[in-house]
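Consider the two complexes below, in which chain A is the common component and chain B and chain C are the respective partners.
For the complex of A and B:
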């Protein structure tokens, strides 16, 4: 019986090998070879010897942090409202927030560009602002969904108990609700932070290519047929994302003992 | 040759004859794989001619047509495929140079035998440009003309809203406008390394005194010599010195770093970079100036005209880039069929269809293309074989006529044709009997009513008056001519042309009874000479001169830059071993941003995180200690036996 179950995983393993393992190996291979195909650490030296490369990475980090923060700031209260049966009787509101995701995000972003220019926020003059608006708009559903599901599962009696025992709403929120929704917050944050770090289409379209995030920078080198340097930077991004996953897992286990989906 | 072309033409028209059978026996069932830029061939949409399907039918072959977006994408894709995947690749000048150098493509055989149409109709001037690009191949110096068959060409310039400021027409004459704070956030340039490189380079190097002197010589005294000197100067600025010496290497690096600092300054001033949105953004008014290829500019100008916006295109006087795209044959291609395809594309009939659809300017000259150009932009000598556009101007010797023609095959000489004169055009003051034929709005009608009447063939709703008239097929070789002599009683509409005292005038507004020499309502038409391009390819007796309609002068100049404009445009060779340095420079330009807020922000976030973590740890420890204290106290109490 057990032997048979193993067979079920074969398609997935094959898929994993073809589209995850082999490409990653390719990236590693290209990252540590030069144009002639010889083993070298030129790319490593080249990357860290030029300030621009590191700067682009820092810019991406800054955007990822800001985006995550704003998304949580908007998404958390929103999820609370949605999870409350008093305001959201038939889940119609949830649908309204999920619906934009049904439209392809490139089309959505191009439309956002026109809307922003139309209301007077020039994508050329305020590239940083419009990029953040675009990022928040696109990633908000990713925050609302995990938070909404954790909040639905939240133990309401604990909140009542907290209020009964004399805690004011402020304390109740910080001491009871936030800890209870921590797994949701962590998975929401990772779901926004990681893709933002590697995203570039949104910033390209909404900043008129003025804001260059790390993904865009890698693309520039790939487009100019510099596979090696591009791969090296892709590898760096892979490591950074791996690192952020590692940290969040550690963090979420420490605090709650529960596990996020990441 | 002419006979062959005639066969070719009739074949397309009537689709019969033994030629098809012959073609079938030779290529039947073969496939041709083509790799071309997106939207770069007439494909059958919007009532255009589907050239690929036409070729497939003609030779009974299958064409696999693939497209790409940038030359670099093409290069990446092409080099990953195994040899013989593609039979024909269309790409830009510098990329062809690179591919020759890397021995990825092979030389063409004798063009005059294999691609006779190209040999006959390609513009000599543009083939010279191909010949001027030299590249080492297997230890020899070869020219691109031996490896490529030209397709489209054009210039790199600026398209602008001619009414956005009072001084725009002056400002646009130099690349400096990209750095001008007056146009802050109103300019977008191409998100392309090589295209951005041009303004950066010219802005830096055109400041020198020597350059200014040569420029003034070229502008004020445009002799062939001065033009050549100026072009050579620009070419020298464009080129990297490749003799391998330390001096030239230093000079090259200096060039790159100069462009670097220029472009970083420029980035702060412009609206942004664009891939394909610039065309529409300038029409919608998001931006006022856009760096553009002449072919795209043609499209934008037309698009804007429909919206009532006046766009113009200009190639800055400092100098710019003249570029071309051409067809090449990679190793292992189906050469015989590929030649047939190139010959098919170089047929002026097909080339005209292509130009009509894409808007870019083909390498091919010839009657069909000239007629098309005339139909778009102004009056010219009437076509020989092919379509006559309604409303064109016929220049017959010294006489000028308006041709309210019917599209058909027309002979150049007037004698053989069914000429409609003013007498057989419908006139409501005349009553018509059964069987009378009249022309009405370019079409021929025959009266079928028994009684004499004077009802117009087409009523106000645009419907045929079936009781009175029936439409008759217009005989071939028909046109209605009207003299262009000035008539003081006639009310001229905007854009109508007249001849007065031997000079051609264009009305700029609706006007009546005003002498062209005395009124601002008339504008003298400046003839635009295209002999440099069309010379030798037109039917004998036909002059390659276009008299542009009012408001179309700039569009015509965009489609076919004058010799004077071409003189200030240099070819941009492949950067060779310096390409990598230019990529790095471009990456730095793109990534340049004000880093201080980023550092501050990340610093604050970092500090915040560290503080929070510390507080967390300290509090945890404190609470452990506190708990222990409580436990200890309780233990103490317990021991005391309370």
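For the complex of A and C:
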């Protein structure tokens, strides 16, 4: 066989097919079969007929929305200040905000819990609050990065133009700066929203298992070896992720994915 | 007006440093209390290195640390080779082949870790595979390989498409041309792909938890098992301090290195004008 450069991709493609595509197809198959292996929609009926299941999903949505909102609320002005040369010229400072990503998140999360307990905010008594604090701590760096990069690219003369033409700073912010940084806001939100929904270690550690997010719920059923029902919930997760990817693509055309920050 | 500007500047700086302080507070508390021998956070028993000595005497924690490095390095190397070859191969393929591979590559990037872990657990159940280092390796490769691909691909696109042809015309064999001409061009992408794959693997919990053999513990799984019921063990404070220091040095080094490169690039631009 003559050497061709395209043959180099064979191992990569085979790997993806065997360990990414086929396993996902297995999830779909298990979601629509029962324990005996027959095709059925039992899992679907079971999921939507029990209020607990739907509640867990809704509560997870609530946590994801609150977390995304707080992260943006803290991260947006932060990125604005960091990207403004009047206030900050140091890229080291920017890196310091992103650096927690590289510190083991189990250590970070349990450190947050221990410190909260130490200063009197008990994870047992204030589970909702401590869970949200833990989530914000974990996801803030992921918000700062995309916001910061869009703000660096932002056309500052448009802001000056807006002010020169008589808009007050308040109007300028909402009518000029926010629309210009919309791609950054959308990609920051997706970096937080879906991962919050599927996370489980953070809420487990910070709420002493009082707050159950959708990720923990899936984990629960798989630990009980209820593969079919667990698969059905994993499928719901997959569909939600697909939906969020679709929405993100519509909003930001220049998003090229990946976590390349080098 | 000038006073207003100064006030804004002070406000901005205060905000940055306040958030930074809050963000690092938990880890800094661990760092401070790693230098005392009390079992409980918040109780200072005087300065001591005892926890550091305890850390190196704690065999299971040291094993976990070694395992974490082992799986990160092995999966990092394999994933870099697999992803780089994949990117090169796909780059030179026809469009109708390229499109589906690009889509497949996006799947592990956007997918939730728990879904990937579950899907692989089902696969191994169907295949009746016993959990071993190999199943864990597969999990970590799924986690990282797409990021290598995505870091190499832009370098291939930036490359002058004719240098490979030129090398062939000048008598190089395809393999020689790939190694001596294409590889050096895309090396920065390969390197950043490797680094990203290392960091993803070092930090991983979910996939590791699902796909490891029961006796194999990494730092994440080992600590998670303890903190599920207890506070952070004292010697882990010492470990956290060491890890924090390593990450800090590494991040600062990369920033300075990149900054220099950025400045050099800017200068080159100006020169060309």
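Just so it is clear, the second predicted complex is superposed on the first by the 230 of 262 C-alpha atoms of A that agree within 3 Å, B and C clash if a C-alpha of one lies under 4 Å from a C-alpha of the other, contacts with A are read in each partner's own complex, and residues count from 1 in each chain.
By definition in this document, a contact is a pair of C-beta atoms (placed from the backbone, for glycine too) under 8 Å apart; a residue touches a chain by one contact, two chains touch by 3 or more.
Here the structure is a predicted model, which means the values were calculated and not measured.
Of the two partner chains placed by superposition, only chain C is touched by A:200; chain B is not. Of the two partner chains, chain C is the only one touched by A:245; chain B is not.
Using the contact criterion defined above for the overlaid structures, shared-chain residue A:123 touches chain B, although it does not reach chain C. By the touch criterion stated above, A:33 is placed in contact with neither chain B nor chain C.
Of the two partner chains, neither chain B nor chain C is touched by A:68.
In the overlay built on the shared chain, the residue A:131 is in contact with neither chain B nor chain C. In the superposition on chain A, the chain among chain B and chain C reaching more residues of chain A is C.
Of the two partner chains, chain C is the only one that A:88 touches; chain B does not reach it.
Comparing which residues of chain A touch chain B with which touch chain C, the overlap comprises 117, 222. Put simply, chain C touches chain A in their complex at residues 9, 12-13, 15-16, 19-20, 23-27, 29-30, 41-42, 82-83, 85-90, 92-94, 97, 101, 104-116, 118-123, 125-126, 138, 141-142, 145, 147, 149-151, 154, 174-175, 178, 188, 192, 195-196, 199, 202-203, 205-206, 219-220, 223-224, 227-228, 231-232, 236, 239-240, 243-244, 247-248, 250-252, 254-256, 258-259.
Taken together, the chain A residues at the contact with chain B in this complex read 50, 52, 55-56, 58-59, 61-62, 65-66, 117, 122-125, 127, 207-212, 216-217, 220-226.
Those residues of chain B lying in contact with chain A across their complex are 70, 72-73, 75-76, 79, 184-185, 188, 191, 193, 267, 270-274, 286-287, 579-580, 583-584, 586-588, 590-593, 595, 598-599, 601-602, 605. Chain A contributes residues 3-13, 15-17, 19-24, 26-27, 30, 74, 77-78, 81-82, 84, 86-88, 91-93, 95-97, 99-108, 110-115, 117-118, 137, 140, 194-195, 197-198, 200-201, 204-205, 215, 218-219, 222, 227, 230-231, 234, 237-238, 241, 245, 257-260, 262 to its touches with chain C in the complex.
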